[in-house]
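Letters A, B, C, D, E and F mark the chains as written, and numbering starts fresh at 1 in each.
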Amino acid sequence: MEVNRLLIMDSSPQGRVTESTTKIMYTVCITLIPALAVSAWMFGWDALRVIALTAIFTVGIEALISRIAPYKINFMDGSSLLTGILLAMNVPSNAPWWMLLIGSLVAVILGKQVFGGLGQNIFNPALVARVFLLISFPVAMTSWPLPGMAVDAATGATPLGILKTEGVGALANTSLADLAIGQVGGSLGEISALALLIGALYLLYKRYITWEIPILFIAVVFVFTGIFYLIDPNQYASPVFHILTGGVFLGAFFMATDMVTSPLTFKGRVIFGIGCGLFTAIIRLFGSYPEGVSFAILLMNGVVPLLDKYFPDKKFGMVKNG
Amino acid sequence: MPELIIPALILGGFALISSTGLLIASKKFYVYEDPRIEEVNELLPGANCGGCGFAGCSAYAENAVNTMSLDTICPVADSETMEAIGKALGLEVKVGEKQVASLMCKGTTQNCKPVMDYRGIQDCWAMMLVGDSNKACSFTCLGLGSCVLACNFDAMRIEDGIVVIDDEKCVGCGNCIPACPKDLLHLRPVSKIVTVSCFNTDKGADARKACAVACIGCMKCEKVCESDAIHVTNFLAKIDYEKCTLCNKCVEACPTNAIEIRGIEAHE
Amino acid sequence: MKIGEKFKKAFFTENPVTGLLLGLCPTLAVTSTAENGIGMGLATTFVLVGSNVVVSILKNVIPSRVRIPAFIVIIATFVTIVDMGLQATMFELHKTLGLFIPLIVVNCIILGRAEAFASKNTVWDSFVDGISMGLGFTFTLFILGSIREILGSGAILGYNFLPETSPTILVFVLAPGAFITLGFMLVGMNKINKVLQGSKS
Amino acid sequence: MAEMILMIVGAVFVNNVVFTKFLGICPYLGVSKKLDTAIGMSMAVTFVLTIAGAVTYIVQNYVLVPIGIQYLQTIVFILVIASLVQFVEIVMKKTAPALYKALGIFLPLITTNCAILGVAILSVQSNLNFINTVVFSFASAIGFGLALIIFAGIREALDTRKVPAAFAGSPIALIIAGILALAFMGFSGMVK
Amino acid sequence: MAKQESGFKVIIVLVLIAFLSAVLLAYVNKVTREPIEENKKAETKKAIGIVLRGLTGYQYPEIPQEMEVDRSPVKYFMAVDSNKNILGCAVIVKAPNGFTNDFDMMVGVDSSGSVIDTYVLDHKETPGLGDGMSKEPFKKQFRGKNINNTKWLVKKDKGDIDAMTAATITSRAFTAGVKRALMTYNRLREDGK
Amino acid sequence: MNNTFKMGGVHPPHEKRSAAQSIIYGEVPQQLLIPVHQHIGRPCEIVAAKGDEIFRGDLVAKSTGFVSSNVHSPLSGKVQKIVKFVQLGGQIKECVLLSPDKAGESFKNIIEADKKKDINIDSLSADEIRNKISEAGIVGMGGAGFPTHVKLSPPPEKKIDSLIINGAECEPYITADHRVMLEQSSELLKGILILQKLFGGIPIYIGIEKNKPDAIELIQKETAEYKDIQVVPLKVKYPQGGEKQLIKSILNREVPCKGLPMDVGVVVQNVATVIAVHDAFYYNRPLTERVVTISGNLVKNPGNIMLPVGAPVSYVFEKFEIDTEKVKLFISGGPMMGRTSCSFESPISKTTSALLFFDEDYFSDRRENPCIRCGNCINACPMGLTVAQYVEMIIANSIAPNIKDSIMDCIECGSCSYACPADRRLVQWMRFGKNIITREN
């Protein structure tokens, strides 16, 4: 019998999971919605404006690049959208459009496409952009519109900023509950730890992220700042304050866990999580910058290749027992 | 005057100490080295920039002498320097006619029918893991370009499912030959443009069925050749380039056009 | 080699920085403004020309075994002259170039040219080589400095074209900006080189 | 003690030789393609830099300053460093061939590494005492090594990533160095 | 293979080159020493000129005097007229705990103990932020203030000084520096110098 | 008791749609294309020549060494010619084209005509057993086709202390072993006893995944009186049937890297292989036919059929009402480890456990996307390999020397590709890597 059509030839296995890169990326976007909602509630339309702009910018820039790049880029796979949203969560809600544009350019080009696009980058694109902006526009990046329904242009410092410039005493009237639900100043995504946690739990359930990095990250920040708190509570803020403020939750659950830029092996991830926590705490306690999460994650991104190389997982049959 | 002399004496003193120290050390701790390493090292620019990928000029020199090859070029040196180094090591450009790679297959998708819809990794070796051949002839060029990847001179490209070689660009390095899982590439002198473009050793009928331009082993070429340059073994003709006079008789005689004239434009 | 050709090489295809990746420390360190770039470039050019000429004069006298120390001493002499000269005449510039003046000694371009070129060529050729390589270096530093100054401080050669209060992209005058700008500049220079080489053949 | 720790932290992280002082960039880019080479280079730099720091301290404070010829600093330092490196190389080759195999090939590279001269001049400029000079030189070298090894790890990993041809090689290396410098800015202000 | 020169020649050539280099450099040094000294002085002069703006006919010693204030060394140039009457003082202090580091500044104080002007000598504060301290909008508020009529703290710390936007840390350091300079001057007056 | 292996593994849908269908026997096909190379090892030498009249059980190709295996004819008939033909799996190899003289007759009758023998296994020596197995051309029917007599001849320093019978059948769709266990349980038991005798009465473990409760129950009943034969129900998890995983699940022993089961004192045999051993002794029947599962979304009546080796794939079309017009993808074996094929005329072989027929989009065909380093492949790999990292190295052609052994450790189970959200052809890359490494040596 002549075969009148060509049969598919491909390597085993033919069966595939129903997961796909696109699905993962969009799911992560969706899990960010609770946190986005809190920030929209806090900062009003401005928050939505920032998110919309970064989303349009990142996806748009990637679409433009896909026209000139010599390799294939699927700009609708959700990864650049996610980068955009996460970038939005890392800037204050009154960030001007041109700053968002610069941030998006940095994230997509410097953070991602110069390395060859999705999956090839060493550093977390959104964080490269955030640190780039932080260092370039420290004024705009460290003063925040005061949260609440108020639409007036009052700006203030984040709790960590206050801590850095004015010391622990100034924090007396910031309650931890406020921190947890987001009644404080900050960039869009760092204000509500609880809302972030909701999304993160779903990601953990779906196994899109693993527990090692976020848990160890937060635990190490807690323990390290806790030690100093015990030494001198008048000079150092409490560990609970530290884990609830700034980007710790955002960073630990959504940014340090970026699979592209975190280690492949279990041991690697453990060290990565500890390192992120340690550097965050050190920078917060001793550095000039009020916030250390972004720097810590970027630094650890840099050592991921070494972790991958020197901390392989146990293979089947590594123990001799025969 | 002393304000000129004192510094001069001090610096001179430093120079004296360090040069004597080095001289003595180099005598006392002398270690034999291939003198040519030093010679090549002398010729090198000495920028010690590490740009060549070796840790400094002497490492480069050592490697060049030990392996007797100048595959990596010093980025700082100009071409004269490289030539001088070549001369010092007696590494000269091989004389003789330029060789080029040549494909023993004409199985384009028109000549040789595809038999599968291959969707795996686009690489000839990888495809061989899934099936022996993607066209009717089991000897055919798979056209997935493992050889193209191996070529550092941009001399190969895929056209109509087979690889095409640019005689001008090909330098005859032979890198592509072991890259082909089907053993379809060989080197021939660039002027010997009459080649058998087939590698099928199946019996005539089977070969014909598989591919329109297969060598069917009919022996016609062997008979017409006046220089004893072409022979058929295993149902496949093979040309001895040393003997071939480019008379084209075999080309005319071949019933399936398996023998062809390559790169005519380049030669006229 | 024709002088024009020589300059084209020194500015583009064999540019010490973008082509050969030598002398990167001063390139990155002092180019936060175009002016500093030019200053450093010219200082280096002076040393390069001086040492090239002296080395080519002395090429037959210097024994090969102490070639490197001898060259270094010659180079260091010129560097020290520049150092003192700048301090005497352009004090402000000297302050900004600071540490990097003495480091011209170890700028690989200079030793590289002394070895690769001056020790084998005539005085005139070495002079031309020094000038062209030095100006090529200066050219690169100027471009890099200009880009960083425009983006990072909103100024061209010290002249602010933006209103005083408008924000600029600070990173570009800081360390990370230096690396990143040079990285992108290499890409641009490679493109230009391709065009130049294409036009030749 | 605390001061010394601060100095070490400062030299390794806060004022990293490569990322904030821009010293030794040529070998940083040149010798970072393979991790093994980078590790060897780091050790060699540490070795030489520590010794050079000590020797130049002595030269500066016992020869140049007493006679009042500080303006010969550059030329004397470089002469001393160059001879020192070569001396070490010659001696090491004979007496410790194994060590020479591991480190020796990097020694010539180091002569023209401005990190050595730069750190030597820096420590003289900041009037450190002898012990502090040695510690500072050593810590600076560790900072260099840290930067180099992280960087080499990334560049090795880059072998398996699809960096576009236009950026492959030095451009992407510089960009990575830039991003690392961004990250290292997080340490700024940690040591006053 | 390259010819091997005798060890003697090797040494002689290198020593000669070094010798000649040193002679040359010593000569250049001789020629440039003066102008360099001048330049250094000129810089100090310029700074003093700025911080003691408005004073005329003053003289000051070539080498600054030193003393300790708050356990940190302070240098100062006492400006006197030809009759050794004190007209003012240019004080060089370290401003403590800037954003990146301590930085050196010069503060001009008039004879009554009020600030004439300030000048930042050398700093590593962030361009565009901290370096606003050498610019007019920030500088001008210090003029005429003295140790008693002002609370030497930034407003955030319940003092009188307006901090620069987003550079509170630098502003604090700067303010502390000025205060330290004023204290130095006051101490000097008390000591009756 | 939850017997399973710890590391990796995936849970593809079972799809055992033919599990309830008993084995059917068709009629003798018009033509047989008996593959000459059906095993791992040295190719054998063709002994049948064009025009020969041969009988069922006659040798058509002879083993050429220790690691090689005989091939016999399943039917009597006339040898037409020796041809090269594309095999299931895409390789082009020589086959003996045979025209059976009993075309159209019931295949079942032919099989049942094999004479039964009542043998006393106690009288058999170990070497006799091995020779018989070797003679009969028995190769592993669990998929790899490794000559069974080789596996049964461990070097003396490797003491074998346990024998595992592999009835896991963890691949989706395939039910051939399941049916065999249900329908030939007594043959299985007798076969097991022969192997037990070979190794001097060592304990036997029969591993069966829990999704075959009927088989577990039946075999447990059959073996109830044998103390040293134990049925071990296994957790359903792919690749439970991989021998290294099976040994881990049942005996909690880990075969060392680069090692073989015998390094931990174990031999693993597939149930069908054991029945082939039984047949060789009790019926004097060489291995010439096997049970094949026919399934897939284009198969209206999925089922199991006993097919003579050499029967063309197209032979089953009518019997199982396959919508041939729509077939775009057909797999010999399961969807995890099976191979695609490009011709319906290719012959089935001793290792063909299933033929699965699908249309174009049944397994969504997606492009290979960039790896996002999600680590799913690593978590899925039962061998604990850092697959994504290795594959990137293989692609970049810079395989670090220290991972070469790890690449060779890959059992090509397909778990990694299955789990990969980016549709990377990880298994093919791993095989490509192995290929590079072997080429280097």
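Going forward, contacts are C-beta pairs under 8 Å (C-beta built on N, C-alpha and C of every residue); 3 or more make two chains touch, one makes a residue touch a chain.
Here the structure is a predicted model, which is why all the values come from computation and not from measurement.
Chain pairs C-D and B-C differ in how many C-beta pairs they share in contact, with the greater number at C-D.
Each chain gets a centre from the mean of its Cα atoms; for subunit D and subunit F, those two points are 61 Å apart. Between subunit A and subunit F the centroid-to-centroid distance comes to 48 Å (mean Cα coordinates, whole Å).
Per-chain CA centroids place subunit D at a distance of 31 Å from subunit E.
In subunit C, 21-22, 64-66, 68-69, 73, 76-77, 80, 84, 108, 111, 167-168, 170-171, 174, 176, 180 are the positions where the chain touches two or more neighbouring chains simultaneously. Within subunit E, contacts with two or more other chains are made by residues 2, 10, 14, 17-18, 21-22, 25-26, 29, 99-100, 126.
Counting partner chains per residue, subunit D shows two or more touched chains at residues 26, 30, 69, 71-72, 75, 79, 82-83, 111-112, 161-162, 167, 171-172, 175, 179, 182, 185, 188-189. Interfaces, counted as pairs of touching chains, are A-B, A-C, A-D, A-E, A-F, B-C, B-D, B-E, B-F, C-D, C-E, D-E, D-F. Of all the residues in subunit E, the ones that touch subunit C in their complex are 2-5, 9-10, 13-14, 17-18, 21, 24-25, 28-29, 31-32, 35-36, 39-40, 42-43, 126-128. By the touch criterion stated above, subunit D contacts subunit A in their complex at residues 35, 149-150, 153-154, 156-158, 161-165, 167, 171-172, 175-176, 179-180, 182-190.
Subunit A meets subunit F in the complex at residues 1, 3, 5-17, 19-21, 23-24, 74, 77, 79, 117-120, 208, 210, 259-262, 264-265, 308, 312-322.
Partner subunit C is touched in their complex by these residues of subunit D: 19-26, 29-30, 71-75, 78-79, 82-83, 111-114, 116-118, 121-122, 125, 166-167, 170-175, 177-179, 181-182, 185.
Taken in their complex, subunit B has these residues touching subunit E: 3-12, 14-16, 18-20, 23, 27, 35-36, 38-39, 42.
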